[in-house]
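Written out below as structure tokens is the structure these notes cover.
Should a chain be cited, it is by its letter among A, B, C and D, assigned in written order, with residues numbered from 1 in that chain.
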Amino acid sequence: MIGSGGEDGAVSERRYVITFGCPDRTGIVARVSSFLADAGGWIVEAAYHTDPDTGWFFTRQEVRADSLPFGVDELRSRFAEVATSLSAESNWRVEDTSERRRVVILVSKEGHCLYDILGRVAAGELDVDVRAVIGNHDNLADITRAHGIPFHHVPFPAGDKAEAFAEVRKLVDEHDPHAVVLARFMQILPPELCQAWSGRAINIHHSFLPSFIGARPYHQAHRRGVKLVGATCHYVTADLDAGPIIEQDVIRVDHGDTVPDLVRKGRDIEKITLARGLRWHLESRVLVHGNRTVVF
Amino acid sequence: MIGSGGEDGAVSERRYVITFGCPDRTGIVARVSSFLADAGGWIVEAAYHTDPDTGWFFTRQEVRADSLPFGVDELRSRFAEVATSLSAESNWRVEDTSERRRVVILVSKEGHCLYDILGRVAAGELDVDVRAVIGNHDNLADITRAHGIPFHHVPFPAGDKAEAFAEVRKLVDEHDPHAVVLARFMQILPPELCQAWSGRAINIHHSFLPSFIGARPYHQAHRRGVKLVGATCHYVTADLDAGPIIEQDVIRVDHGDTVPDLVRKGRDIEKITLARGLRWHLESRVLVHGNRTVVF
Amino acid sequence: MIGSGGEDGAVSERRYVITFGCPDRTGIVARVSSFLADAGGWIVEAAYHTDPDTGWFFTRQEVRADSLPFGVDELRSRFAEVATSLSAESNWRVEDTSERRRVVILVSKEGHCLYDILGRVAAGELDVDVRAVIGNHDNLADITRAHGIPFHHVPFPAGDKAEAFAEVRKLVDEHDPHAVVLARFMQILPPELCQAWSGRAINIHHSFLPSFIGARPYHQAHRRGVKLVGATCHYVTADLDAGPIIEQDVIRVDHGDTVPDLVRKGRDIEKITLARGLRWHLESRVLVHGNRTVVF
Amino acid sequence: MIGSGGEDGAVSERRYVITFGCPDRTGIVARVSSFLADAGGWIVEAAYHTDPDTGWFFTRQEVRADSLPFGVDELRSRFAEVATSLSAESNWRVEDTSERRRVVILVSKEGHCLYDILGRVAAGELDVDVRAVIGNHDNLADITRAHGIPFHHVPFPAGDKAEAFAEVRKLVDEHDPHAVVLARFMQILPPELCQAWSGRAINIHHSFLPSFIGARPYHQAHRRGVKLVGATCHYVTADLDAGPIIEQDVIRVDHGDTVPDLVRKGRDIEKITLARGLRWHLESRVLVHGNRTVVF
């Protein structure tokens, strides 16, 4: 299998990541930090956010696993009480970074995002377990398999796509992935898949949303004569290209750029924007709040 | 009058600027450059663009005035023949940089764009003649007058604004300005003014168009949860916020930014984007082609 | 006095801002947040940082003043105990946002940074008290006074500048300013002034440090043929252009840009970089740690 | 062989590219454009630059091959006279885009730049002929070969590297490549190789030069506390990291970023900056002038 090893020397120390959102009030930080301090928890990273519009509070805390006298299950069980006392209801999670993140990637014909992710994984920069790549074309099968990753070809007929989507769903769900990445997958997910993968399906749209929703955004951008083109990484919802935005970026273009030039320049931004959004999602840095995200 | 002088040491050598657009064909560059060479013209800057979609050719040429044995009127008269032979029709201009550019600025209550332009003029960075500032409020009168520039207060009633616009038009047109700058002027120009000032009225819209057309774009941006906010400098047309784009830029924001934060961060981008667009316009660098611009 | 009012609608709610740095260990967050929670303190904004290299912990907390049953002096006195227990020693502060920030600005001949700051203050965007502007030239006196701010002209002779610096020091120190802004002040501060204003003197250097230290950085940049020019806002130390960096930014240039073009383009970045750095400093967002900064 | 095809729909029309530099004087543009017009040459893209400091003139012209009644050899032979008449001496070239560009890539252990280039080639975005990859380690052999490209492992001993460099030179020179890409090749080329590959050897340095020349620039950047890290694509000369700069870019970092974080974030900029510089070089867009470049 292709891979040049974790050459950047980053240490992967085991950590527990606590995230939650709840109605804001006095004493939340004290409640959570005292809970951790009482157990001897060493907080490595902590971030807080209060949304004044909705009166909602959010936090993400990274704790060194070896600083606690118990494991992740016990932490979860104990923290449940804290969460309940803060009315966090189902809006809390405790993750263990030693559980390697599972990812399934959906592609069509365009390979730049797939090449980019595979390169990052092989270089040890993105330490995730790509369980499978599924394509409605098969031209990306070879590169996928060269990286030692299974590739599934699921052709999509022009008419009724229900069967093809059912097949994709089966292939995805057997891995129970932390992220389903639509890496320029050109098919629109049916509502039931948006629902099933809610908060886990990540798309890269090749425009600076909400500009140029839908098909052929670079053509739309060229027609409007914009001076920057962009890309948007967002969670997939049933509302096309309208899900919560995780990350966006842009690149400068000018009157000399044809549509193929926009496509080429835009790809660099698509790749990077998707890679950032995916990393943040897998590190539990993204909390969804209505149609907006908090990115810690 | 306030002004710290042309401290950047830029020499303002007199130049003639030729711009035109015409159907593309073989030999245009040769025709124009031979015309100039035959007269001894020293080309200081030359730029060309061909639009493959429309088959249109554009150029901008800066010639040292002292390299030609005749003046701008003679140049114009001689170049007219060249333009006709290239079917440039009315799409050509010959400008003389020694004619100082006249500018009239329209404002409402928000002063950041006005402060910025006045500062640039006073610092000698933007060498233009601001003939007047017209506001539908009067809170920017003092700063304007401190810079030695007349300020006219034209109140806009809530209902019928025809009279107020007529007054504004009169105040603007008496200066025959090269640019009418809508520096966060919050009134929508009536079609007849869009027409009268076509290609000269420059607006700064506080969003990355075509996103968030119309009122309160920062509120719209906040609601959508975008990760960058932008500004767009464009020519005013009768179609709201849909005129040819001259320049755009963006700035990063995050979940912690409230609407007032977006407003504040966005202002820095508005100021710079407007200043760039205005400079390019006044230097005859912007050629309009349908709803798009070529910026040389 | 010139000023268009606080038009952005930002509410300036009174807050206390606690900042400190101390050796990292378990329970710091709990200690601080419990202290605040016990007093009923409503934390509006909280940020933490641990530096793994030096084992140092930093935090900044904003508390609503009206959530505490006592005033800032009592808060300071009570928090002193917490700080001592965490070995924060002299590395802690409690600020009251209702105390308007006092600023003195030093200038030379170039006005773009001064114009920018005055514009922000007049527009209500930067709510600070500019007590005085001091220039070794007098060309910026008029604009300063038009804004209702005293201007002092202190000429600097070519040879011994000790007397001039003594005069500047006297004029600055009588205001006990929170920030002394070197807004393109082209004189090098003597070590005793660097010392006296340590952590309060903010400079804008017109390069992306550590590139192009010292004189005429745009000329250096042009000679090297760089493709971006930058600006650096940093605290002044006795080591020229080597103090802790608060903020940096860059702008794209190309082969067509002459030195005056670099100067002009660079100014936009200088203005914005200085404005950001100054704001963060005045909001107590910048904690110095050795020669680096933590910017919350 | 891996490759998803030229999916961006860009048409690769055959063109001749003329570039040259010569002392500036009146009539150069006319001379060149008349030469082309007389032969019926259809200019698709034309760019000019005059350097006022050195009085030097530069141009790049793209002509449709099918618009000329003769081939590239005849064009070269005819253009030689024009070049001579303009004193362009050896500073001119006529390239044929139908000759596929040959590239050899040198690598060490870090694979991100190699993965990126191979991905672009496989996706049809960078239409070049990668003839070989040469590494002083062998961990990138598999990915290279999976793309159907030969990989040569040339170990570099700690002491005398002359023999290894001789071997590399032999492996490179047999392909007479248009570009020798040092894609994070961590060895310093000996002067004779810098000479032999002058104007063809392209390096990516992981800092915003001239900051942080030499080894471990991200460590240097972290120590200095900069707020942006960058990358520089430049021609290799005998003077370490001081060759003519083709392209640079930066990315924002903050106090929370450790050295491994800088490494990771910087890689995205390295990849993109190298890809842009390489593309421009291969398209004959980069003209070297002393230690600076003109990039058309």
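Quick notes on this one:
Everything that follows uses one rule, which is that a residue touches a chain if its C-beta (ideal position, glycine included) is under 8 Å from a C-beta of that chain, and two chains touch if they have at least 3 such contacts.
Since we're looking at a predicted model, the values are computed, not measured.
Interface of subunit A with subunit C: the two copies contact each other largely through the same residue positions, with over half of all numbers used appearing on both sides. Centroid analysis (C-alpha atoms only) places D farthest from subunit C. Each chain gets a centre from the mean of its Cα atoms; for subunit A and subunit B, those two points are 41 Å apart. Rounded to whole angstrom, the centroid-to-centroid distance between subunit B and subunit C, based on C-alpha atoms, equals 34 Å.
For subunit A, the set of residues touching two or more other chains reads 45, 256. On the side of subunit D, the complex with subunit C involves touching residues 49, 51-53, 208-212, 223-228, 230, 244-245, 247-250, 254-256, 258, 291-295.
In the complex of the two chains, the subunit C residues touching subunit A come out as 26-27, 29-31, 33-34, 36-38, 40-48, 50, 67, 252. Here subunit A touches subunit D in the complex through residues 2, 4-5, 7-10, 45, 109-112, 115-116, 118-120, 122-123, 125, 139-140, 142-143, 146, 256, 260, 263-264, 267-268, 272, 275, going by the rule given at the top.
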